[in-house]
Amino acid sequence: MTELIGNPVQLKAVAGPGQPKPSPALEELYRGFEQALLVPLWTEIGDLMPFHPQSKAAPHLWRWNELLPLAERSGQLVPVGRGGERRAIALANPSLGGRPFATPTLWAAIQYLMPGEDAPEHRHTQNAFRFVVEGEGVWTVVGRDPVAMRRGDFLPQAGWNWHAHHNATDQPMAWIDGLDIPFQYGTEAQFFEFGREEIGEAERITPDRSRAERLWGHPGVRPLGVEAAGAGSPLLAYRWEHTDRALTDQLELEAEGFRGVVEPGHAAIRFTNPVTGADVLPTIRAEFHRIRSGAETAPRQETGSSVYQVFDGSGTVTVGTDQWTVTRGDLFVVPSWAPFSVRSEAGSSDSDSGALDLFRFSDAPVFEALRLDRVQVEGGNR
Amino acid sequence: MTELIGNPVQLKAVAGPGQPKPSPALEELYRGFEQALLVPLWTEIGDLMPFHPQSKAAPHLWRWNELLPLAERSGQLVPVGRGGERRAIALANPSLGGRPFATPTLWAAIQYLMPGEDAPEHRHTQNAFRFVVEGEGVWTVVGRDPVAMRRGDFLPQAGWNWHAHHNATDQPMAWIDGLDIPFQYGTEAQFFEFGREEIGEAERITPDRSRAERLWGHPGVRPLGVEAAGAGSPLLAYRWEHTDRALTDQLELEAEGFRGVVEPGHAAIRFTNPVTGADVLPTIRAEFHRIRSGAETAPRQETGSSVYQVFDGSGTVTVGTDQWTVTRGDLFVVPSWAPFSVRSEAGSSDSDSGALDLFRFSDAPVFEALRLDRVQVEGGNR
Amino acid sequence: MTELIGNPVQLKAVAGPGQPKPSPALEELYRGFEQALLVPLWTEIGDLMPFHPQSKAAPHLWRWNELLPLAERSGQLVPVGRGGERRAIALANPSLGGRPFATPTLWAAIQYLMPGEDAPEHRHTQNAFRFVVEGEGVWTVVGRDPVAMRRGDFLPQAGWNWHAHHNATDQPMAWIDGLDIPFQYGTEAQFFEFGREEIGEAERITPDRSRAERLWGHPGVRPLGVEAAGAGSPLLAYRWEHTDRALTDQLELEAEGFRGVVEPGHAAIRFTNPVTGADVLPTIRAEFHRIRSGAETAPRQETGSSVYQVFDGSGTVTVGTDQWTVTRGDLFVVPSWAPFSVRSEAGSSDSDSGALDLFRFSDAPVFEALRLDRVQVEGGNR
Amino acid sequence: MTELIGNPVQLKAVAGPGQPKPSPALEELYRGFEQALLVPLWTEIGDLMPFHPQSKAAPHLWRWNELLPLAERSGQLVPVGRGGERRAIALANPSLGGRPFATPTLWAAIQYLMPGEDAPEHRHTQNAFRFVVEGEGVWTVVGRDPVAMRRGDFLPQAGWNWHAHHNATDQPMAWIDGLDIPFQYGTEAQFFEFGREEIGEAERITPDRSRAERLWGHPGVRPLGVEAAGAGSPLLAYRWEHTDRALTDQLELEAEGFRGVVEPGHAAIRFTNPVTGADVLPTIRAEFHRIRSGAETAPRQETGSSVYQVFDGSGTVTVGTDQWTVTRGDLFVVPSWAPFSVRSEAGSSDSDSGALDLFRFSDAPVFEALRLDRVQVEGGNR
């Protein structure tokens, strides 16, 4: 494993503040470093230890109307089966070297399943979720429990749970997968196992509510006969009707003069594990934001990165020096510490709520667990 | 930030199990992916989602007798001051592209300070520690508290604490720095600030015990008049005499027939935060292992990576398919999931304890906090 | 405070196993103990340190059809106002010396409010809840948020929250109050403050859903714009429709062959704090149990005491050597470690679900927080 | 269990603010309450829900020079053996009805063991500790590990650990036992089991350091080969030399102008569980306070009760309206919310440190775990 072709370390003495004066002796020292596989801090500190996070990732926008046709075309050309495992096509941040990484820690992909198709069972330590921006008809089968997927639903699936997908209809369906693949790739924590080649007959049923929801989906109560196993939420579906109602309630409370919203015109909820009240997944946070038509959020900087998908409505998004007009299905990336704000465009959409609805996921639980979280909001810190 | 030269995504249709059949239509689809900055899962899954961690890092050994002369030479050629900040020379894992990363998450460097020299004050979110394999005479000044550094001492310094170093003697001194620089580089959590150019006169005193030790260094008791601020241990020095005594006690208990050691002939302690009993730093675990002369540890695999330094004695280390004879000061790397064992060589050393003493640090707290830890020991799991 | 009339300590030398032989010298010693306010362990150990909990409280049943008329009569005779504070009538366990303590730690009372009446605002450190076995029309105003109370609803109100009650209808209403008054009386932790004499006009509105529910009552999501203050649940109402649905789901899952129930025919849920997933109150656990008609629970012993109210259906309850037939509204007490089981009587009731529905509250969080919880179930420990 | 002689509930209608007007109808209602075992809140609220804790316990002082002779006399008259279990004589608070309760939650006793005597093995859920104000020669055998007891040592022993005591010398020895007997008596959580009648030969050895100390007694390090079982500290002895050093360090830091003490002239430490950093026992906190000669502490009120023993020096203690001059060995009680302060008397003692040294234990962990803790310090809240 340690055979090397050439020398991986290459150092060059350059003059500059905080640098030793270039000299033949210094060059000789640097050659010694290279031989011994050593790199000095003093030549690298600016890159390694910046004054604030300077993300290697770029802000970037992927348009849904470009993604979806490519996914449909894949439906025709690419089979789903063991080995390839999933017909999933990932966002590749333009500044991350062509890797399928939306951000340095997060994976976001569009997955596509043709009528009647199944994606085979497997499990992995990577934490995952699905989010449905449109369509329905697929049941994700997690631990043999078939879970319906419909527009607006958020479906977490913590690491090391067996899962397959089953399209029970005569229509194709697309959705978004979010995972911590880049994070686990970087820290090298991954395990993977194949499951059964075919799901059982009992899993081909298409119930409206999963067993998980029947056990864990009632507000404020938990079952006493079962324990939640593993690290993530035992609730396998967070339905749009509840998310929508919660956001509506917040804006109505604001209109009535009560507290509830994050800031004027900006309602937001976080998906939580009912067993702990904490994030649904150990490494991924998922939220929904609704910005009232005409409202604008205060520029906000956070350590850690996020991926957003526009669920409904339209508006203008500003990330650092980039600015885009976005509409339903569009996906964009907010790198670590990049100032982010969004303005909901009055009258420009026929969304259900008349507002801009954004689904967001991020790596915030990693930062909070390791005490690396920091937030700065224009006009006040939090 | 988003200007790109060329296209970062490059895809090639190849035949293979789980892959779609190459065809002009597939090639056209892949060109569409490249244009849209998309990468399919099915071509990447083997690399991204392996059956078990397959580290990008290589097992590797750096010999102390090669490192130290290069550090000494740096002492002559490279000044210490603002900008370069520290005369630290980092281990660059041969498989990590020449970056100063010992493992994908950990930084390990030899730092060197000449007689009378000071390293200027700064602070950063990166968690750090110092470990002294030989020598003395430097006081690390953390939050204006001068902390003596001596052979065998472990000195943690959690993120965002102001710190400087001060060599109060007429002898140079070398030690090892460990940090989570690569982890924070990957997750992009870093902040950095310059402090004072010069430490104050009151910090040039050279007390035997730091104020931190006088407050927090008594076994089983904590002070009531002060709180521990921040995320890491308020105890700034873990002295060799206590570590040595704890290891000696374990081997004596074993000899008396009582439990205490990890396995036959293998004593071990972990450095802990007295406020919580948990690891000294949010992202870094530090341990000391003593293997009785002639004893051998069971091969062990863990998610996450470690760096070891031989503190005393000598022996044979096996990491994956690599094997080295090691002696005082040598540093080596154990990548994620690489089987690791060590044998203490009878009679080959004149160590104080007659055993092989190993200092170890790892990224285990990251894995445990995020529920990604897994351990497998030959002859039994734990 | 220390003036004493007579001597509070009185000792008598008695012969017996483990006791010193009675003698004049021993009597003299005991007189010395009395003078010095000392009591030996050896005469008291059997009472103080029994082999298992032997409760001072008795199992006991209070019939709803006896309680309610007394509450109604109080409605005619006893005004509600500052000083008396509440028209609440507490269960007094027959073995606890006439004190209004249902168990050594728990208070249970029937509270009664006449048409148009208000109970004045106050706050206290005692944790409290209301549970409604029948009727509606009162809004409990917690932190100025009016919360409707209806049959089957559970309404927690953690310590130190301002609260008043407001009967907005032309009908009287009764409900059950549960508090940790005896526990705080024993440990001496109580604080109490009067609030406003009258609630404001804005609090006399009668919304169907409280602001608390609109913010915190959506399954699996939490608001981002508000924090939960204090030690208990921010959700102020747990509605019967959700409890009922959760219990129904469990029994249907059982019928379909899936796990869900606690034991055959026995569904159960616990009310939880959505912020933490833990119990709704720091000292009180609240649960709902549904036993299918004809089913019987396994005898169970737990450290800590419980109060049950029959919500619907009828059945036979066994507590230690006591056995009662119970029906809607009846309240009974299960002392610490007393074996408890219940059988649902087939066909004997016209309950909504055809089953026996039991509301339960207990002091279990105290025992769990202090590591004193122990459970033994006949036919298996848990 | 439910046979009653007479009626435990007795109510009397009295005129007063917040009370219903006495009348024959009210009397009849109250008779109905008595029959039904009910007690109204409105007659009891002042006692049950006071504006602040008003302890049933009295401040009280027990003089060591009265206690010790009675213990010595017990040594002559009272055997130690199975049934009586321990020659322990408990403080009975004069306001707690002659029960052996120092406070409503805490037990404090002097235990006495004659030369060569053993106290038989047992275990119980009550959490316990021993504290030695003078003498030595007894080894407490906890889980078969003999632990030496010497002046100044604090020896915790969490619930459900087997333990016996062994006097290995030709001198009697006395010490203080602290337990949560009253708390567990009130909440009814107790279990008790007899162990072996005789301890083994291997436990009659008299090592200077216990195995527990050899594993867990090193500052800032924990062993990796053993886990801590149960709810309390695995460290079975907290030695005086460490406590003394910690207190000395704090006062010296104060003299040097650095922070460390609680308030001027007042050093204090808390004994902690090295595994968690929390209190040594789930229900009992133990601390040591040193007040410099001439210094005085600010009056302080806390929910929960404490027992103090003077370890060294002398001074004046104020508890509520009581005031005592205290000296070595004296024990006193501070009830819940009673203002407490102490003044160290300059020159009045020949203590080792020239200061007043106080050992303290309290029920604070109960209050903190259940969110009932409150502290008020004169001249500032904390």
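Points worth noting:
First chain written, first letter: the chains are A, B, C and D, and each begins at residue 1.
Keep this in mind: a contact is a pair of C-beta atoms (placed from the backbone, for glycine too) under 8 Å apart; a residue touches a chain by one contact, two chains touch by 3 or more.
These numbers were taken from a predicted model, which means no experiment stands behind them.
Within the contact network of the assembly, the step distance from subunit A to subunit D comes to 2.
Sharing over half of its contact pairs with A-C by residue number, the repeated interface among C-D, A-B or B-D is B-D. Among the remaining chains, the Cα-based centre furthest from that of subunit A is the centre of D.
Averaging C-alpha coordinates per chain places the centre of subunit B 43 Å away from that of subunit D.
Measuring from the averaged C-alpha position of subunit A to that of subunit B gives a distance of 30 Å.
Separating the centre of subunit B from that of subunit C, both taken as means of CA atoms, is a distance of 52 Å. Not a single residue position of subunit A touches two or more of the other chains. The full set of touching chain pairs reads A-B, A-C, B-D, C-D.
Taken in their complex, subunit C has these residues touching subunit D: 1-2, 4, 7-10, 16-20, 23, 25-26, 29, 32-33, 36-42, 44-45, 48-60, 62, 66-67, 70, 73-74, 77-79, 81-100, 104-105, 109, 124-126, 159, 181, 183-193, 230-231, 282-283, 303-305, 320-322, 335-337, 363, 365-367, 369-372, 374. Considering their complex, residues 211, 214-215, 217-226, 233, 235, 238, 242-243, 245-246, 249-250, 252-253, 258-263, 266-277, 280, 287-288 of subunit A touch subunit C.
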